[in-house]
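Chain nomenclature is as follows: A, B, C and D, assigned in order of appearance, with residue numbering initiated at 1 for each chain independently.
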Amino acid sequence: MINKQVPGAAQAVADVFDGATVMVGGFGEAGSPIELIHALIDQGATDLTVVNNNTGSGEVGLAALIKAGRVSKIICSYPRTTNSTVFPKLYRSGATALELVPQGTLAERIRAGGAGIPAFYTPTSVGTTLEEGKERRTFNGRDYVLEYGLSADFALIKGRVADRYGNVIYNKTARNFSPVMAMAAATTIVQAESLVPAGELDPETIVTPGIFVNRVVMVADPAHESALVAEGVSYP
Amino acid sequence: MSDTRTTPGLTRDEMAQRVALDIPDGSYVNLGIGIPERITKYVPEGRELIYHTENGLLGMGPTPEPGMGEPELINAGKRQVSAIPGAAYFHHADSFAMIRGGHIDLCVLGALQVSERGDLANWSTGGVDAIPAVGGAMDLVAGVKSIYVITQHCTKNGEPKLVESCSYPLTGPAVVDRIYTDLAVIDITAQGFQLVELSPGVSFAFAQERTGATLIPIPQDPTTVKGE
Amino acid sequence: MINKQVPGAAQAVADVFDGATVMVGGFGEAGSPIELIHALIDQGATDLTVVNNNTGSGEVGLAALIKAGRVSKIICSYPRTTNSTVFPKLYRSGATALELVPQGTLAERIRAGGAGIPAFYTPTSVGTTLEEGKERRTFNGRDYVLEYGLSADFALIKGRVADRYGNVIYNKTARNFSPVMAMAAATTIVQAESLVPAGELDPETIVTPGIFVNRVVMVADPAHESALVAEGVSYP
Amino acid sequence: MSDTRTTPGLTRDEMAQRVALDIPDGSYVNLGIGIPERITKYVPEGRELIYHTENGLLGMGPTPEPGMGEPELINAGKRQVSAIPGAAYFHHADSFAMIRGGHIDLCVLGALQVSERGDLANWSTGGVDAIPAVGGAMDLVAGVKSIYVITQHCTKNGEPKLVESCSYPLTGPAVVDRIYTDLAVIDITAQGFQLVELSPGVSFAFAQERTGATLIPIPQDPTTVKGE
C-alpha cells in the first residue's frame, strides 16, 4: 500500500545532502514550511542552493537557515523584504551568492523543470541588465530571451491538507510557488496541517496530485513567521 | 515616503483618484505597491474592477480590519488583504501566465524615472552596494496590456523623473503608455512626452521646467487629444 | 458590474469570422461543447482552422462542422477515432488540411500561447518523421526540438459550473484541453450546465479563473456525442 | 485483433500477467490501449499501482459495470473508466507535464516493431493513404522513465516484430527498455536484444528463428541476468 506519511519533520528531511539544491515554497511568510526548514537546520546539511522568492525575515525559517551559514547560493526574485536583515550581510561579505531572477521567469523556469521543458523564450528582462548573458531571439517581430528549466534535489512545501498518496491542497495565497516546486524536485516533502484518508479530498479540487509528492508529514499547528519575528524568536 | 509635494499640484490621493477615473469598467488591474494601491479607494460608482495580485489571487478585496487578517492571505507587497466573492486562487506559474500572456488589462506602477520613449526604471538605483531585488516588475511591464505610471513629477531633491533617457537600470524599454504625476497627465507617443492634461493651477511652463525632456503641448483642437 | 453571461449559444458565437482559428475543448466526447459547435454551424463562419485533439465522431458536433465544409485546416493529435468517418474523406480529397501534433506538444503549445511563451523546447518527436522541419538543439547532452506557442481567435469550451465573472469548474476528464484553450484564445466562450452567483464557487477550487473567459452561456442539459451518434443523429 | 497466437507461447492474458509481476509496488503507470490494459487484472496481491491516463486522471480505476459509466469519465482510449478514492483530475498540460517531466515510472505499450537498439514503431505503418494519428505515444516514450513493450513476437503473417532496424516510422529512437512477447522477455542492452526469459516450452532456437535480429542468450550465471 502506498503511504507517503513519515512520522516527523526530522525523518522527512533526513537525507538532504550537502550541496543539494532545495526549493522552498512560500512567498514571504505565506506558505513558508517553517517546521521543515527548522528540521533542516537541525539536520545540518550545508552548501545548499536555495530557491525561494525571497530570503526570509527575522531569524527564523529561511532566514535562520541562511544565518546558520548553510546556504551558499540563493536563487530568488526579491531578496529585500521588511525584516530581511540576515541575507544582506552575507551577500555583501560574499558568503552567499545571489542569482536574481524576475518573479514570473522564476515561476516558469521551475514549472519547466518539472514539465520536462529544458528551455523556453520569454519577453521578460529584454532590454534590461538582467538580460546580460542570455540569448536573445526574435519571434514575430518581438524580442525574447532564452531561459532554462530549473530543477531541484528537494522541495520543502507547506500544504493545508494531504492524504497518504501525497495529494495536497493549499491555503489561499500560501499556494504560490509550491505546486510548481513540487513538480520540479526529485524529492518533494510536504508538511500539512491535516492528513485525511484517501478519497476524502475531492479529486476535482486537488492542486498537487500525489505523483509529485514523496513524503508527507503532519504539522498540525504550524508557526507563522511574522508572529515569531514579532516575538523576537531566533532559531535554533 | 513623506507626503511632501511639489506645490501647486495634486496630492497622492488626488493622483490616485485621477488615475481611477481613466480605468474602464470590468478591467483586470494589477496595482504596484505604494501610491497605486490608493486607486482602489477612488473607483467611480458603477464600475467594477478586478484586482490581480501576482502571488496568486484574482479578485483581491480591501485591507481587512485590524486583527481580522490572515497571514496566508496577502498581496504582492506582503500585506494582508481580503478576497471578494468570485475570487480565485492559483499558483505562481498560472499567475504569471496571466501577466505574460497579456490577460491583465492594466498595471499601475511607481517609477524612479520614465524616459520620453516610455522606458521605465523602477526597480534599482544601480548602487554598487545595493541588494538587487526585481520581484515581478519586469514581468508586469513586459506582459500587461497597458502600463500606467503614477509618480511625483520630481524627486524630493527636485530632480526631474521624466527624462530624455533613464540613468537608472531599466525595468523595461518602451513599456509605459501614460504617466500621472502631481503636475500633469502625459502620454508616451512616438514624438515623446505628449501632455494630455495639466493639474489645476499648473502652467505649461511650470511643468516643462520640471521635466527633463520636451513636453509636447496639448493640441489646440481638443478632439485630437489622445486619452480615454 | 461585470456579467459575462449571454442569453444563448447563437449570441455567444455570433462574431466568429471566416478564417478564424477556433480551439474546441474536449477529448473525444468528454468536454466537447456540442451546443456551441452546433450554434457555430448555424452561424455559418467558414474557412476555419480548428484546434482539437480529435476530429469528432459521427455527424454531430465537431464532425458535423467538418462535414459542413467549414474547416479548412485541423490541428490535432489523433484524427482517427471509432466512428470518425467524416474527416478521412475530406482529408484524402485535400479539402481539409491536417497539422499533426503529438498530444503533449499540442497541450504545451496551447498553454504557451496563453502564457506569453512564444516557443519552447521539448524532447517529443525527436528522431521521428514529425521532427521534420523543426529546429533541433541539444541541452545537457539530450536532443530537443523547438515548438511554437499556439493561440486562437476563439475557444469553445464546455464547463460544469460557471459564474458571472467567467470562473469555471469542469466535470472529471471533461476538463482535458479546456483550461489551456481558455488561456490561449482572444475570445473564450464557455457553455456551462449551471450558472451560480459570484462567490458560490470555492475560490480554492476554481480551475479556470474568469480572466480567461469572455462569455458564458448556460446549457443546462448538454447532449452527449456518443448518444447522438448511437441514435444516428446528423446535424443540422 | 483476433486471438491467434504463435504456438507454443503465452496467451495475451498470460503476457499481461507476466508484465504485472515485474511492476514494483507504488509505481505510477501508464498503460497503452489493448493488451497493456489487461495488466491491471494481474497485479499481485499486496501491491498498489497508480494508473495515469493522459486525458487528465491519476488513479484510474476499473471499467464500470455496464450502464454505470459516465461519458465524461473516460481513458485515453476513450473508454469509460472509474476513479479510485485518492484520484485527482487535472488538465492536459499538467497531465503531459507528468509524462514529459519524468514523473511516470512506467509505460507499457504495444508495438508494430522494436529494433535491437530500442527504437519503437507503434503509431503508423507509413501507408500513403493512411490518416496519420499519433496521440500521446511520442510524448510517452520521450518522457516516461521506463518503457516496456508488450507484443506478439511476430505479426499475423509470421513476420518478426523484433528487428535490426524498424521499417515503419518511429515513435521514438532508443526508448524501449524491455519487451514482453508470447515467446520471451527481452531487455534492450547496449549489445542488442538480451534474452531474459523464455516462455514455457519455447526453445532458444525457436525464439531466435522468429526474431529479425540476434538474440543474446541468457547468461549461464543467473546473477548476471539484468531484470527486476
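In the analysis below, contacts are C-beta pairs under 8 Å (C-beta built on N, C-alpha and C of every residue); 3 or more make two chains touch, one makes a residue touch a chain.
The model shown is predicted, which means the values in this text are computed figures rather than measured ones.
Between the interfaces A-B and B-C, more contacting C-beta pairs are found at A-B.
Taking each chain's centre as the average of its CA atoms, chain A and chain B sit 30 Å apart. One simple way to say how far apart two chains are is to compare their mean CA positions; for chain A and chain D this gives 36 Å.
Note: centroid distance chain B to chain D, computed from Cα atoms, is 56 Å. Counting only residues that touch two or more partner chains, chain D has 83, 89-90, 93, 96, 99-100, 143. Among the residues of chain A, those in touch with two or more other chains are 108, 111, 115-117, 122-123, 170, 172, 203-204, 207. A list of each chain pair in contact follows: A-B, A-C, A-D, B-C, C-D.
Taken together, the chain C residues at the contact with chain D in this complex read 27-31, 53, 77-82, 87-88, 91-92, 98, 100, 102-108, 110-111, 122-130, 170-180, 207, 224-227. Taken in their complex, chain D has these residues touching chain A: 25-26, 28, 46, 48, 50, 52, 58-59, 83-90, 93-94, 96-104, 143.
Of all residues in chain D, only 53-57, 70-75, 78, 83, 89-93, 95-96, 99-100, 129, 131-139, 142-143, 169-174 touch chain C in the complex they form. Contacts from chain C toward chain A in the complex involve residues 108, 112, 115-123, 139-140, 142, 144, 148, 169-170, 172, 202-205, 207.
Looking at the complex, you find that chain C touches chain B at residues 1-2, 111, 113-117, 163-165, 167, 183, 197-199, 201, 203-204, 206, 209-212.
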